[in-house]
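Note that subunit A is present in both complexes that follow, paired respectively with subunit B and with subunit C.
Then we have the complex of A and B:
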């Protein structure tokens, strides 16, 4: 292992003795946090499976054993991945990328159907979710791409190329359909691009477009599904307003742009660009709302504002989740004694809503501790990102940090009723092999980057 | 620089941490605003709280949660379902509150005998039965459903933890069997499962967002009084003639509105789940029958329209059968004498009709059928309408062509048959039949919207799995009177009516129809053989007795179809069906005063109360009854002259004769319910025991304010 020898920092080799030498590539604080979170995940995957029936019988189950196995094998995976130099990974990212494309296509054609979507492929007893691993590939691939642009992202062209390169993966995951996972890519890539030496104007444009699109989607959903109770907004057709806006902004932008030929006024050009952005986001809103979003997703946007409007259907899980969290009170009901989950009120409790069970059984205090633990993980990642001197490594860590933090915020926000319901898992805590493995692979890559921070710089 | 960044990141994460923690804290701290179904929050009976183990606590919370769940559900779906009215504003269907009672067997407290006795008193259940139920397996035992509010309140005041009340809205049909197949019924999930309840389900539910203070009223063309009479007479007639089923449809031939649609046998809507599901089927729109000789009128219209010359020249001597050109022989009913079209129709002569139609080409006949879109559905706003069967012209043989004018080889729904008949006699324009006249939306008790019914009807395919299936075609839906298609000339229509008047003359097949004494009747009888579905061909001795008629001939307003399925006695169209028609027509004329052009109004001479009921009972003689009825007639005539005393229609007295005490009281109860809407109070007085032998007021007579119904029973 020549590579290993080369990668071996002197300080570490002096520290490590005997057998423990082979573990020098691991970052101990990160690993401790991860093991802690994983253990909590296993414990609550056990808790989530306790079910009390009317007869008082208890559900026989073995899923937590599976989860435990996933954790153990995942920890070995961490070590294994941490041995591979991340630069090699990045250099061959295009191979991974093509590979994941193939696997995603395969999933779409021959995957197992669960809840009307093809997200899984089963390999002899174990079923894998390729979209979870696609997240890693996307981050590594984007980091490599941005690293190759030595001078930073100063041309719109390179941004478009990046978008075009990532579009197939995005499309394949949307087609599964798994909009939640697909949409996470957008902020992750945007944050990664933002770290690169880029014109602030671009970031501003991207941000404003995404906010405009999101906001008008909300408005459209709101205006179409509920009658405005009273006031000025009563009976406004937002589709028409958007169309009007589109026409007007197109008109303004073209006029200003033509005027600009004569006057060569920078302010006018900026103004023209602003209108172009508005027009672009109008079109994008139409596309998102009418093509991408399905009916139930639109309704979900709405129920986010008022879950009680549809409390037996779409608002049900949010309401139940909030009740579950609230019923935990300050000190909780005690481990394995959560009534809400055991009586079957809380849906998908082992995956999406595991945090609710934690809060119910451990209470306010326990939930805060768990949040602190997750945030310490994120903080450690951020610390690593800042300490790494290599551009590529830094980018990758930033990508992973963005991935984890968005997943965490969205999932927790969802259980707390702060964010609309999406199917994103909580890293390390939600049950499921693919999620845990992909998260642990990320940990492996990150610790690899951290141990090699002095080598490539 | 690095340090700064790290502190910034730390602050960033801290902010998020605080946000989440604050949110959790908000959820944890109790607030009164949230109306939640918290399983853990539900109160356990305070005295026994400490004795319970944790497992029992959980169990209790299950049951509580389940009850509140079901409560929530039923409120959710049944709330404000619109009510249905007849053309005079009499209520036919509405929702009301009721309670289901459960017995909770796992409450730790001892259920003492006093409580049981009280409950058995309230619910009218023997004490032993409650004790038995207490020993049953399972947690919640159903004691009684649909308890009224007063009784539920009494139960509630016992404050016993053993008895749980579940409040729910349910559908009530005050007239029980009336209009059963047409109105349909509602399932426990709040969805209409048959009839209008199904077809207008979306309308009746109303919009979820605008529930509060909004009420939907469906107003039908149906006249409840007339319907009530017809259903009663139909049921009697079906019984008397030993028929399997019967259908009567009364249609307004100008608007297309269905004024009465009766089916026998009937079923009780308020307990539909106890009845045989086969009875749910609305034969008037779902069953297919061969029209038989009635179809002669249809082709007579063709001849009158296109072949005037042929009719004038035509004469035919019947041998009792007719031989087709390929040697096949078709039996005819009439023999001898020279026949023209008049006699063919009057005596319903098969051989003559075939001979006459041999001059017409198959193509022309088919074109005429197509013009009336015979194979299409009528598009009436009722679910499960069947498609009519007309053989395609490429499949016509010589025999098909010959027998089609006799009404054989094709099958129509009774609705299609009467609708076609109506469009023949209304001056020759196409009709789209309707049962719902308009839909009204009331907001806070005020009329806010009135909408034409055709706009609200579901047009998507229905398949409820209850034996109803079929498409509701959008044919003729939404067509207004402005765009009506002309089918035959007005003169032809008039000529046809003149022709059909011959049928009810003493020489004609439908002379029985003249029993009622109205001279302006015109119609056509039909006796169609019933198709043997197993063997093919026709049953030997089974017939449908059909009579289609209109009234009055000078200016027709109504068409009536009477159909008796497989009567064993007097199966000819001129027999069973025509006599039922005579009675029906009598009631129609009384209800609508057709000659006086004063529709929708019933005259009541409230000041004229002739023979007192006491007199009626003591004498029990027919003289007193006669006196009563004649004086009432005089009074109404007087009122008609003075044009002063008009009241909107009130309910009329049903015929209670030969009913048992229980059944009679049930009918009176139904009447009372529907009259309560108009602030009319009924009381009743009963003498004797056994079955009703005499009653006051007499059947068919109106009920005015504060009427007392006197019933005399006899063994």
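Then we have the complex of A and C:
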């Protein structure tokens, strides 16, 4: 089958002629938004390099030039990826999956150590971050898996199989350690699972488990650091409470379950399940808190509540970021005039905290425009998800939509003090080749899905 | 079915649930973005100004520049009592100091090295780091006045100790050590509480503030005005820009020339060494204080070398109270010296014919239920004899004649007793002059004639300071005018070279005619010629004075007073010098305080070693007595170096009669 010929949508093939035909697989609105965001990213990676009173002394091999080339090559990548039919991608997703597993293992063994974690592999001067690309593979792989299920996700077994399949990638990224990136997979996969035919009760169960675990982790961190020094729960050891809860719910669920053999009462069965869920969450909380989370991460959870408690160490980023954003006021300090970033008070300014510089230099108005741009990107993705005519494409777009929106929300929320500090980048804006390339590959896949919607409908 | 992509079950649009799910998902995404926008609005629009000031505080750093502190000179304007010496202090900028949390091993070894190299107290270090959390960009004092060796080492290895810093902070040096301590006081770094209180006066966190003495009284003049500069720093505390505002240029403080004569101060210091008490010497004609000393004293330099609570506690908890300036702060019963006030009051009021009024002293008086003892069996006494012999009985009668109201009225209004004189040393005490009203209010009982009797001989409730008695003696010596005692001769402004002369100020005039003063002066000279202080009678120059013995309680020895002036025969001379001596638990005034005063006069007029003089005066009789042996043993018997005293001044050449 001629791939190129198959790629031409019927309606669009009538519009263009000749050479331009090869760009028909691109979605123009999406591309415009992405180019806009990428340009802003390059501009602010330049801005983040400026040091006050030393203008003109910028290294030519600096980050912003690299970023510019990443953007250019990434746009070519968009076009290249959009040529490959997404069904082919999905059919071969297991190969990609094995490939990414191999690369992640390689990273873990031979990767470059930066800030006490092995996240990078160097390939001839360019360092890549495989976990960024793992995101795409996970989404495509999950979409393919869900698509293959005959009757949707109506069996718990399929869910467990999916979890078991994704666990290695998750584990390898956690081991790097890069918990932020790994954690994002969970809501993304959950949203994708929720999109297919699934009993609402399952969604409810998943949601309640995740909220229980999240809340318990916060409470554990809080109780272990301050032992509820003030407030209602004075002197309560939450670990003991959790253990008590686990034992009680296990007892209840097993007794109810045994009783149920005779009574066959549906209500009792549900009740037994509720207790099972609670017990499961307790175990998960223990695992997350004691195995996954490191001490500094636990402290981060705490500093989120009160950054001034550890003003000069862990809370420093949060406080300085908020000062940077707040001092921008309505109209900003002007492009390339951000004092906070140029004097170095803002940490990791070109990657994680790039939004803070934008808000400082362009003010509320500029930051709103940037947010609007990202929002329009997500809107376009949602629109595409609604227009796509098959489940596979729809699931993939939903997965990417979830990925982008979570990353954006977590990153911006972090700079604004709404979310604990995690190392998640802001898609298209944060400096870094891997991030930008993986985001642009996603754009390529999505426009590919959109332009081919009639072929597979 | 699976393989056919066109199967109807794969068309999402046919499943309303799928569409709704995506819409719900997008609704939640929008909700998230609304939250972000709301937070952004809150931070930038509602709280923008607040965060703007926070951002400014981040990078703006006000650095105080200390000003040159004025130096203090002796009377001749050459000898320095207090001077500044070049010195370097070790500072720490906590922000640049590696965080304890991040680099445990490196931090430990570096800190250990640092503490050992510079001999820094571990607690001091911890205190600085704890305080540094509030403002980590400002340098905190780790160790004042580092040695030359440490300075060289640090200058070479500065990169090994991030956060350390040395700044040139001139060291205050008190070359006289204990000798001038009660005149000059000392300076210390200002405390946080004081900064808050004195911010309006221009004090800042790096200020040194004068404690006690001239350093405290003339603190504002001495320190000039501190300057400041504004630095723009980045997160690494690297300075990016520096602004020198016009009002930030430091102004040097004024130098002070004191009235202290270093030769006389030497004499006084040597005289008093070893015995708790105070001596003050001044010019009768001007009120200039030539020497002022209080024993025990302290070395002001110790507060410069190390900020150590233990050292400070050692001084402040010392039972002999080295910080206590006995001359201005010590309140003692005036004892027999108060008899002068009684005599002057009687002369002025003409209540009795003072020349003819005489009392037959039988060694005591019975007043009501109590028998008041006198100082001896003197028989007939007129005023000269009564003063010379310090006859209590005479003054019991005189006091009862005058009445307590009149005495306290005169003491308060004409002799400035009961309130501070206004000498330029801080924390001066005013003493106490009782009255009938005072006794009812404070003691709850009525005044009776026994109180009057006690009051008349300076016992009982009345309290005075050495300085007050000194001022009265000076007034008698110069013919009736009391000048405000002062230590300041003039200011020298180092920038303009202007000299501000301190004028002598009249404090009070003795309330009687000029001719009558001779009677009192004559009585005072009789005290020395054949009265209680006959032992200090000198052939070389004439001394006039009055002894006093203040009974404080039956358990401790009485406090010994002597106040006097010499030469007696030169009434209006500029050279009349007044000396007041007080010795705590010194026994009888005539036996110990008077020889001390003689020693001071000997030193001033004859340039005689005061210790030798005291020994000579005491030799024939007192040395045999245990108490004097005791205190003589307390002093170290070192020989004074040759040329310790300067050549005899002009005073001595003129004054050779006796």
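One rule holds for everything that comes next: the second predicted complex is superposed on the first by the 443 of 457 C-alpha atoms of A that agree within 3 Å, B and C clash if a C-alpha of one lies under 4 Å from a C-alpha of the other, contacts with A are read in each partner's own complex, and residues count from 1 in each chain.
Criterion: a contact is a pair of C-beta atoms (placed from the backbone, for glycine too) under 8 Å apart; a residue touches a chain by one contact, two chains touch by 3 or more.
As the structure is a computational prediction, the values presented were derived from the model and not from experiment.
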(message) Both complexes share subunit A, so when I overlay them there, do subunit B and subunit C fit or clash?
(response) clash
(request) Go through the superposed model and pick first if A:87 touches only subunit B, second if only subunit C, both, or neither. (result) second
(message) Contacts for A:148 in the overlay, against subunit B (first) and subunit C (second): which applies, first, second, both or neither?
(response) second
(request) Applying the touch criterion given at the start, work out whether A:359 contacts subunit B, subunit C, both or neither, answering first, second, both or neither. (result) both
(request) Check the residue A:191 against both partner chains and state whether it touches subunit B (first), subunit C (second), both, or neither. (result) second
(request) State whether A:210 touches subunit B only (first), subunit C only (second), both chains, or neither. (result) neither
(message) After superposing on the shared chain, does subunit C or subunit B touch more subunit A residues?
(response) C
(request) Could you tell me if A:416 is touching subunit B, subunit C, both of them or neither one (first, second, both, neither)? (result) both
(request) Once the structures are superposed on A, label A:328 by its partner contacts, choosing first (subunit B), second (subunit C), both or neither. (result) both
(message) Is A:288 touching anything from subunit B or subunit C once the two structures are fitted on A? First, second, both or neither.
(response) neither
(message) I'd like to check the shared interface: which positions of subunit A are touched by both subunit B and subunit C across the two complexes?
(response) 52, 312, 322-323, 325-330, 339-340, 342-343, 345, 359, 363-364, 367-368, 371, 375, 378-379, 382, 386, 409, 412-413, 416-418
(request) Would you pull the subunit A residues touching subunit C in the complex into a rising list? (result) 51-53, 87, 148, 150, 191, 194-195, 197, 311-313, 320, 322-330, 339-340, 342-345, 359, 363-364, 367-368, 371, 375, 378-379, 382, 385-386, 388-392, 394, 398, 401-402, 405, 409, 412-413, 416-418, 456-457
(message) Going by the contact rule set out above, which residues of subunit C touch subunit A in the complex?
(response) 1-2, 5-6, 10-13, 15, 17-19, 21-23, 25-26, 29-30, 32-33, 35-37, 39-41, 43-45, 47-52, 54-55, 58-59, 95, 99, 101-102, 133, 136, 232-236, 240-241
(message) Quick check on the complex: what are the subunit A residues that touch subunit B?
(response) 52, 54, 56, 226-227, 308, 312, 319, 322-323, 325-330, 339-340, 342-343, 345, 359, 363-364, 367-368, 371-372, 375, 378-379, 382-383, 386-387, 409, 412-413, 416-418
(message) Show me the residue ranges of subunit B that touch subunit A in the complex, using the header's touch definition.
(response) 2, 5-6, 9-10, 13, 16-17, 19-21, 23-25, 27-28, 35-41, 55, 58-59, 61-62, 65, 72-73, 76, 139, 209-210
